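Shared between the two complexes below is subunit A, which pairs with subunit B and subunit C, respectively.
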Partner chain A sequence: MATWAGGRGPGPGLRLGSGHPHPTIALAGNPNTGKSTLFNALTGLGQHTGNWSGKTVTLARGVVRHRGRPYAVVDLPGTYSLLPSSAEERVASDFLCLERPEATVVVVDSTCLERNLNLVLQVLEVTDRVVVAANLLDEARRKGLEPDPEALAEALGVPVVGTVATRGWGLARLMDTVEAVVTGSVRPHPRRVRYDPDVEALLDRLEPLLVKALPRGAAVRWLAVRVLCGDPTALSHLRDGELDEVVRLLAVADRSEPGVAGILTTAAGTLGGGLK
Partner chain B sequence: MSAAPPPRSVEVADRVVATLFRRAEEIARLSLVPCGRGRDWTPVLDRVLASRLGAFPVMLAGLAAVLWVTVVGANHPSAVLAAVFSTVETWLDGAFASAGAPAWLHGVLVQGVYRTVAWVVSVMLPPMAIFFPCFALLEDLGYLPWVAFNLDALFKRVGACGKQALTMSMGLGCNAAGVIACRIIDSPRERLVAVLTNSFTVCNGRFPTLIALATILTARYGLPGVGSGLAATLVVVGVVLTGVSVTFGVSWLLTRTLLRGAPSFSVLELPPFRWPRVVQVLVRSALDRTLFVLARAVKVAAPAGALVWVLANVHVGGLSLVGRLAGWLDPVGRLVGLDGFILVAFILGLPANEIVLPLLLMGYLSAGTMVRPDSLGALGAILAANGWGPATAVCFMLFSLLHWPCATTLLTVRAETKSAFWTAAAALIPTLVAFVVCGAVAGVARLAGV
Partner chain C sequence: MAHRTLGCLEPGEKARVAGLLTRGVARRRLLDLGLVPGTVVRALRRSPLGDPTAYEVRGTVLALRREDADQVLVETDP
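Now for the complex of A and B:
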């Protein structure tokens, strides 16, 4: 178990590169999708599973061997969104944005696909190397509405594998797919969401500013979305100097358009004031 | 104001989320295919379990059903186990005698360690072996979030976080686990409220004691018109509900005094109804909970039994140490409807609530009652011989419900809050509540002449 649980400030292990000798696979997903069951099935660890949200606040880590190759598996707290409103969600969002795992498996509950896809789309904003595990397929079938993995893969632009984690069904194929993504033999091309034109315009302005201050490889686009949405914790893992740099850049940014000026002022204000 | 007000972050966030949801909806529509004729029970259950009229009766009926099965089911195996242990004790007595072992060794090992452990096992094991699997099945059905959902509004009203209902449900298993679960509450203020009140939830360590006491109480005095199994169940349900009420009351007091502030919001997902994986759940609950809790109880019971035997058999000035200790505490005990021996048992039972009852018996038995307790009936006789009336039994149950948390829980509070102050508060607040409530009940009982 990692020990940091959504605290602010640079936590240990929150620098780029997991520092782990093995490729890292992150498990993300809404609460109650069987994520921890999948984690246990893959790693053989007996992490307590249970079906209420907020059960996993910290990161559980384990190792899985597939075809003789070891992978570090990180079970992220269950989260509905990467626009964090609670400690669990912040842990998950920050991990994906800053640690850049070699592959991210998003576990979705096939019985309520629509709500789960919301998180998938957000993860696709953060990283390309995503595999979707359409879990609880058996239950979806019993309810008479089942996702078609191929259609889903086509719509999302990333591989989709059907699984029933409680029975170990589909796990080998899931790991094959993860391996292909990690080695690069399969390159997912996520079909990204386009926001409203004015929001996209704001992002176009903010991203270059953040690129200058953020560590290389950080998920700049999503961190920019978080800043625009008024989440000052988006950049809370920056060192003081880097943070000042962002605030300074925001302050001197071109504000000729009224909308841009307003949002950048808010962003600079929350960043400058919210963290000190 | 200018014609184009700048968009606020909240508005941007709303539109970002709306875009994401629209796309998610579109993809779901494209990729979901109908298959066979399914039946989804979740909406039906949702309507019943969360309805205004249905929610609380269903919840109470569920709790009562689990406890009833436990009370009725545990009685017989308990008696069988006790008889077996009693036979083994006779055999041990013979073995020690023929080996020429000194009396003190026989006392410490057989009357101290063995008897306490045997009691813990025969009184604790059957209810645990029934209660834990039932509880685990409810958990696997996804019922705990329902409990939390139903209680959410009440917790809001007393100024606490709705998620506290969830940490409270976790406390039903083990208060230490409940305290750890409080991490899911974001606001430090509301988290502390949940941590400080968790021990008012009856934990698995206390259920067997309460069940045993309720069984004895109702067997001796009965409730008019109800069978004894059902009566005992109702008593235990009453104790659990008292704990819940006290949780609300103390939370209310805390959020108006030590921990003032505005309540925050929380998100709680109600899981879909799923058939539990019965075999897996039963095996896991047997291994993870029943054996784990039993092992913990036995580990604590063995040295505690030896200690109490020594205290009971070392005499100073014609009175045993435990007798002296109990004598000093007796006035305090009487004040709250108990006696000195009971308080000594609760104090020595700090490491684990499971051992309070066996320790109490050791204390009583050392004082001259030479009955070998091999059934709940015999236990009732011992208690009655030591001056217990119905009021004593009620006060004992209330004290068990409300008193200081066990050492494990306190250590967990210390680890979670990293504060000596809040750890002390976690010990003192329940203690204070226990003395006030039991004192009041004892006072009323005295006035009523019970």
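Now for the complex of A and C:
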């Protein structure tokens, strides 16, 4: 029998979004992008914000009303990656992969966009329904930078809205855009990462094995990428036979090392060529 | 092009990431922090005890221990 050490599955604590009466908006972003400030500005809650490790241990939730329509807002833990390397990052990645919010706002720091785009590209691999909030626009301008939301939107294939969350600037336009994505009047066509052919072939074989075990609507492709990167979250519901099959696939992948190493560089590597 | 590890850079020196010498979780973490091949990095300053060292990467500052910085292969102009 195949065994797989470590990790934990999508526990009952994460089955939150389903059955919520309002459309859910997830807020994702690197640490220190003003994500929790944006959450507070939208929901009017005094959720504590600050800069220390493990700050957002649980998911903060609130409700925002925009043009008479209520939305549930979930403030995900700050994360550099959806390939999790800590409990907080796992919560953020699992939520996006398994709960499938109606829209995801990725909050980015406009003073160092390039660094934030790693997470943006990963979110675009999980879901189409993304709006990027280019936050801290005032600080970027003070540093002499002129971020161009339209050019960024063009490059990413999803709407980008400039914001200054501390002053509430841009939030109405952000919510208009989120609403358009939720209702489907705007349909983003995200720029998608393609991996090396051997990695893509491996994903093609892995996905059908996972899809049977995962909740309906789960982000199967990204969960398969996580499996390839050694994250067993998606494997927790597999039966022994399926698990054996997956382990066999991974053993083969491990021998064809260049491709598997490639999966780790492609998402980040797209940044350099595409957005300069 | 001369190849060294990031840990060998002296404060003030600039280099370009050529590759990573580690695998698995450590490799992924370095990539997620922006140390992707082609990235320009600059050593800023060393802590008083010589470890860790602060590096400028993609517009932000990272502090890396020598043992991690030595997993990053960089190239500098001769």
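The rule we apply is simple: the second predicted complex is superposed on the first by the 216 of 276 C-alpha atoms of A that agree within 3 Å, B and C clash if a C-alpha of one lies under 4 Å from a C-alpha of the other, contacts with A are read in each partner's own complex, and residues count from 1 in each chain.
Quick note on the criterion: contacts are C-beta pairs under 8 Å (C-beta built on N, C-alpha and C of every residue); 3 or more make two chains touch, one makes a residue touch a chain.
Being a predicted model, the structure only gives us computed values, none of them experimental.
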Subunit C versus subunit B, contacts on subunit A by residue: B
Partner chain in contact with A:T111 - subunit B first, subunit C second, else both or neither: both
Which superposed partner A:L202 touches (first subunit B, second subunit C, both, neither): first
First (subunit B), second (subunit C), both or neither touched by A:R141: first
First (subunit B), second (subunit C), both or neither touched by A:T166: first
On subunit A, the residue positions that both subunit B and subunit C contact, one per complex: 80-81, 83, 85, 111-115, 118, 229-230, 261, 265
Footprint of subunit A on subunit C - complex, ascending: 23-25, 27-29, 31-34, 36-39, 57-60
Subunit A residues touching subunit B - in the complex, by the definition given at the top: 5, 30-32, 50-55, 57, 80-81, 83, 85-88, 111-115, 117-118, 120-122, 139, 141-148, 151-152, 155-156, 166, 193-196, 198-199, 202, 225, 228-230, 258-259, 261-263, 265-267, 270
Subunit C partner contacts - residues on subunit A that touch it in the complex: 80-81, 83, 85, 111-115, 118, 229-230, 261, 264-265, 268-269, 271-272
Of all residues in subunit B, those that touch subunit A in their complex: 2, 4-10, 12-13, 15-17, 19-21, 23-28, 30-40, 139-140, 142, 144-145, 148, 163, 166, 181, 183-184, 186, 266-269, 271-272, 274, 277
